[in-house]
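The following block contains the structure, expressed as structure tokens.
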Amino acid sequence: MEQTDGQKRVINLVDAFCDEHFDEPSIKQWCRSRGLPTRVYDAFYASDLAGYVLPRSVGGNDCPFLDRVTLIMAMVRRAGASLPFQSDMTALALLSSMRQVSQDEIVEDLYSHTGRVLFSQAFTEPNAGTDTQAVRTQVTSEADGIYLDGEKTYVSSGEFADNTLVLARDPMFGQMDGGMSLWLVPVRSEGVSTMPLNTIGQDMLASASLTFDHVKLNPEWQIQTEGKLNAMMKRQFGLGRVLVCASSAGLALAALDDAVVHAAEHTVKGRQLVSLPQIQEKLADMESRVRTILALTFQAARSADRDSRDFDLDTALAKRTVPSLAVQVASDALQVFGGIGYTDQTRVSRIWQDCRGNQIAWGTDEVMARVVAKAIVRKAGTRRW
Amino acid sequence: MEQTDGQKRVINLVDAFCDEHFDEPSIKQWCRSRGLPTRVYDAFYASDLAGYVLPRSVGGNDCPFLDRVTLIMAMVRRAGASLPFQSDMTALALLSSMRQVSQDEIVEDLYSHTGRVLFSQAFTEPNAGTDTQAVRTQVTSEADGIYLDGEKTYVSSGEFADNTLVLARDPMFGQMDGGMSLWLVPVRSEGVSTMPLNTIGQDMLASASLTFDHVKLNPEWQIQTEGKLNAMMKRQFGLGRVLVCASSAGLALAALDDAVVHAAEHTVKGRQLVSLPQIQEKLADMESRVRTILALTFQAARSADRDSRDFDLDTALAKRTVPSLAVQVASDALQVFGGIGYTDQTRVSRIWQDCRGNQIAWGTDEVMARVVAKAIVRKAGTRRW
Amino acid sequence: MEQTDGQKRVINLVDAFCDEHFDEPSIKQWCRSRGLPTRVYDAFYASDLAGYVLPRSVGGNDCPFLDRVTLIMAMVRRAGASLPFQSDMTALALLSSMRQVSQDEIVEDLYSHTGRVLFSQAFTEPNAGTDTQAVRTQVTSEADGIYLDGEKTYVSSGEFADNTLVLARDPMFGQMDGGMSLWLVPVRSEGVSTMPLNTIGQDMLASASLTFDHVKLNPEWQIQTEGKLNAMMKRQFGLGRVLVCASSAGLALAALDDAVVHAAEHTVKGRQLVSLPQIQEKLADMESRVRTILALTFQAARSADRDSRDFDLDTALAKRTVPSLAVQVASDALQVFGGIGYTDQTRVSRIWQDCRGNQIAWGTDEVMARVVAKAIVRKAGTRRW
Amino acid sequence: MEQTDGQKRVINLVDAFCDEHFDEPSIKQWCRSRGLPTRVYDAFYASDLAGYVLPRSVGGNDCPFLDRVTLIMAMVRRAGASLPFQSDMTALALLSSMRQVSQDEIVEDLYSHTGRVLFSQAFTEPNAGTDTQAVRTQVTSEADGIYLDGEKTYVSSGEFADNTLVLARDPMFGQMDGGMSLWLVPVRSEGVSTMPLNTIGQDMLASASLTFDHVKLNPEWQIQTEGKLNAMMKRQFGLGRVLVCASSAGLALAALDDAVVHAAEHTVKGRQLVSLPQIQEKLADMESRVRTILALTFQAARSADRDSRDFDLDTALAKRTVPSLAVQVASDALQVFGGIGYTDQTRVSRIWQDCRGNQIAWGTDEVMARVVAKAIVRKAGTRRW
């Protein structure tokens, strides 16, 4: 797999950034404190990398989605840990499917305050994950205004993002959209409370549950969906899936990087690990899984860039396959390390834990099968490969 | 698989004990503080269960190893977490392969102080895991006494056990045993220091690294091996492996228990999870893996009880197979829960993490293959099944 | 896993029989000619083994189903090929769930002619496999008698069994049984035609399609089901599944037997295959899969013997798991042989092909999941393991 | 994965050719008679496709190896069976690594007789497969000439190729090449005898064993290797592996093609197969495996075209991974068909059998791991992905 020029460029930028800002003790510390320090965020948004995450109106560049995906992958690989930039990127992806005007308003507003456009995305509820139709969070209109009530959970970056995008049942504003609407709610509004969620990995993503207790909504916070909510959400989930895959790809690459070094350096009974056939099999299988991961992830990203009819197929297939392959790669890497691989003295232990969450985030392995199968059958007659 | 009367008895005792002493918030707390509270230990040693862990000379009963294995399994199942009793049991197993007289001395000594016979087992070193021949911890004889120097790691219960059994290079006392000897060293001796090891699971086992910096040894601490060290260690590792499998079996059972309840109670789009074919496949596969786990673990335990010629084969085969199956069961259970399965609000997340360590502890999956294959070929002509 | 005395006895009988009648060139020849020669059948029915396959009324013994299962397993193991005795055994199983009187009549009738009670079982149709409700074969009553029309397929032993048991739609005689009835039709009746089916394995089972073109039925051929057809079929399918597993178990054991011998005898670059770690892993995994196969198959057989409430669970779980494990064992064995394993100069090639069919016969892997999951949830509260 | 223009061209040619010459009854017949009829060969060599298989000196074109690989893949996909053109292509590959002058001589000679350049390749012996050093076939020099004695086996196209390339131990001519030499021997020479080998698939490849009983060698038959035999063989094995992968890729694509059609058309209990979640999972997993197969195969082909330093890595990795994935795809497809998938009434049964051989041909799955692992470690510092 050749790198495109765009990919080479972004990887070089990432490497430069990480050389300066990342080292393993810091990463470990940031995981423990569940988030990147502001200083690192600021450095990121002051660097050339910002252009990949910001909308054009505030200085973003016009690169293909493939490059953004590559950014996440390359950066996660260097960190050996899931990074919150993934949330920024999905926020950006969402913006890009909005009408230009609402986009600009939001961006301006968000950007002017923090120099970032990050907002978390609060779709899932305790009883509405796979089934978004079961959402109970509710917009109601009362004499003195509009109110939001409900509970959201597993919200990535939910602990620290200043704003959160809420999907709610809304009989009034959601009429053209099946009774649903989207609101970008400042987390510091009265009535919003945040509860950290102890996930068993992806610590820097700082998942949280958010409760909305009669939160008074400013009408300007509503996203203008105008009957296109479903399409927007579908696109958004597609892009979100590819970004999750990018993160899994970065984690898998990091695991392989570390395992290769260890296998070359460590000896047992006087023999390099890499000379042991069982370790050789692991390395070979890791390599072929990593290549599969990259192939599927990039194919999905390109499908987004080309607005391909296979967008659903390619993104769902990647989402179904990549995270689970990444877990296997991470588990093999952990095993190559032996006892130390099961401690926090290696990155592979964290990587293995981080990887696991991606089999669930943004649509589970199981629910993807349906999307894929339907698309395959649909294109049966016309497929070239 | 029918339960023997002995198994039924021990399971009933375990259930009674756990009804009184275990509940999920406590377990969670004990994991966080890395160990069972003394109160629970004391209750255990005051109960009828103590007989299964104590040597006969201080009130232990004479039950088959199968019952001890069942105890660990049943208790871990109830806790949904690895428990330190596993260390007590392996200590007991070790005692049972010593000469009666040294056994009695040790027991008396240990038991009189704490009412327990627990000691941790310090075999592995940073560069000597699979390869015990590479052990560098060293006994030296000087004018004023005998001294121990070296570093041990991944020592289960190493953080809190009062004594630790150290395998060391010893040109003097180890002459009949290939230059190796075993010492039961009080952890509070001068020169011993303990460093907690952050494993990514099995928190209650409280792994630690131990450093021995010119520790003066009392000759009475030496275990009389008299040319039998190798045989003792082999037996000990065999029994230790079965106990690790028992722990994995308990974890897998707990994961299945929880998944079944969730699949029956939770609905998505108005349908019970258990009515979804993909969830059905998971449950079916979990069930057949759990049965395999039990069959292999019990077969290995019975092999120990019968002093079978297949002891090596049965214990190594169980060790190779059971922990990795348990990880799969746990991972499936986690997936059945969806997002919440990736948080500490469910037991399955912890179980998944705990399970993983057992693919490494007491001999990795990889190194078991050799033992198994050799034994299979050896018995080729005579096998009945 | 210990053998019961009954199992030992039957295995000894099988060994004696096979020593006399089986050798690889003959087996190969019988596969090519798609069936055992009459001489071997006659020898079988003249031996003490007959008692395990015949009903008591004509000299059969009263052994547990476990022993019958063991017979099939042991014999298939010796042959390294699927054997048609499996059909005899399923026929017997079916008889055993009939009323005593119809049983005796059938048996007497069949046995007096051939000394056997074999009949093939024609349930499946080109468009009614998993879905037995879709059966189109039809019984109609006309002025001059009752007629049968339809087509059955994948009928094991269909090529040579003198009689076949037909499941048909029958508005008249099937009233108490949901409009279905069972007929034991002599294959030489006018209007019956048989077409060999080229399966890619299990050649001695001689699968066939049967067409019934206005076959005049003798009312005595009808099996008296009296509202119990469903229950009978359910029991029958349960037992049939265990027998398929027995066959898979025998095949897997044979594959392991051969692989172990080859791994011990064959050398590459001067090293015994068994000393190569990758071959060791294969042998170890084969061994643990074979143990799983035996454990699940025997557990299901015992469940039948005890009339356990877990009959459905145990038989469906075995059926789901055992054949697919057997394919893996066979494939590993084939691989151990290298190039020659892909030719008919080894048994493993045939075994691999034979094994595959059992993932489909008597209910596919897929449809079993449902039965298992429902049963697991049902017993959730009461399970001991 | 986009098709290159070259790939599009070759696929169109293949489609046109197959539209005219392939249909399933013929393919089945050709498998039964173990070979393509001469008429089809002639048509192939009269078509534009010939250019992809012939050397330039006799009209071949100068396309990249990727296109040749695509030819095999596309043609095997249409046939749903392994095709002997694979042998022609590997013969061509071998030629291309010879000195120009010997190449031209051979080509002229072969081509002038048959219009083809096909020769089979006889490297493996009953006791020398993985271990080519163990070759025992021997060249000896006697008073009246040079003689060849020995036995070769698993020779693809060995039954009908007019010439065979023999690797032999040769103390005289092989001095510069570690005592080995290569001879292109006409199969009709006195002393050569051919024995068909009953493989359990790949019937059209017509494997054979060849015996050389004091065959008098014409010195012109010797291939001039001049100290480059090892390098030639290494390159040849690399290319041969990719061609085996191309064949597996074609088989996997054919299996998926058929499964998709069946899943869309066939119903069980009134539901299309494709609407059943377990079938959906199979289709999704087949799709992602097919994509992996294509990615790895094409990457290896491109590596050959670019003379990349990763040639060994890429070809060995493809060879290790692709054939085994193809078996899984084929097995899933077979399962989707149910009972009929286990008969010769579907292509998937044959495809499944054909696929299996490729896990052994041209170097087993096992031996590839070593090549891959060493290459991964070697490039550790420099890898971009």
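Letters A, B, C and D mark the chains as written, and numbering starts fresh at 1 in each.
As a working rule, a residue touches a chain if its C-beta (ideal position, glycine included) is under 8 Å from a C-beta of that chain, and two chains touch if they have at least 3 such contacts.
Because the structure is a prediction, the values reported are computed rather than measured.
Interface comparison, A-C versus A-D: the higher count of C-beta contacts falls to A-D.
The most distant chain from chain D, with centres taken as the mean of CA atoms, is B.
The distance from the centre of chain C to the centre of chain D, each centre being the mean of the chain's C-alpha atoms, comes to 38 Å.
Note: centroid distance chain A to chain C, computed from Cα atoms, is 51 Å.
Distance between chain centres (mean CA atoms), chain A to chain D: 42 Å. Residue positions of chain C with contacts to 2 or more other chains are 276-279, 281, 366, 369. Residues 276-278, 281 of chain C touch chain A in their complex.
On the chain D side of its complex with chain C, the touching residues are 124, 126, 129-131, 133-134, 153-154, 197-201, 207, 268-269, 276, 278-279, 327, 331, 334-335, 338-345, 349-350, 352-353, 356-357, 359-361, 364-366, 369.
Those residues of chain A lying in contact with chain D across their complex are 1, 3, 11, 253, 260-261, 263-264, 274, 277, 279-281, 283-285, 287-288, 290-292, 294-296, 299, 313, 317, 320-321, 366, 368-370, 372-374, 376-377, 380, 384-385.
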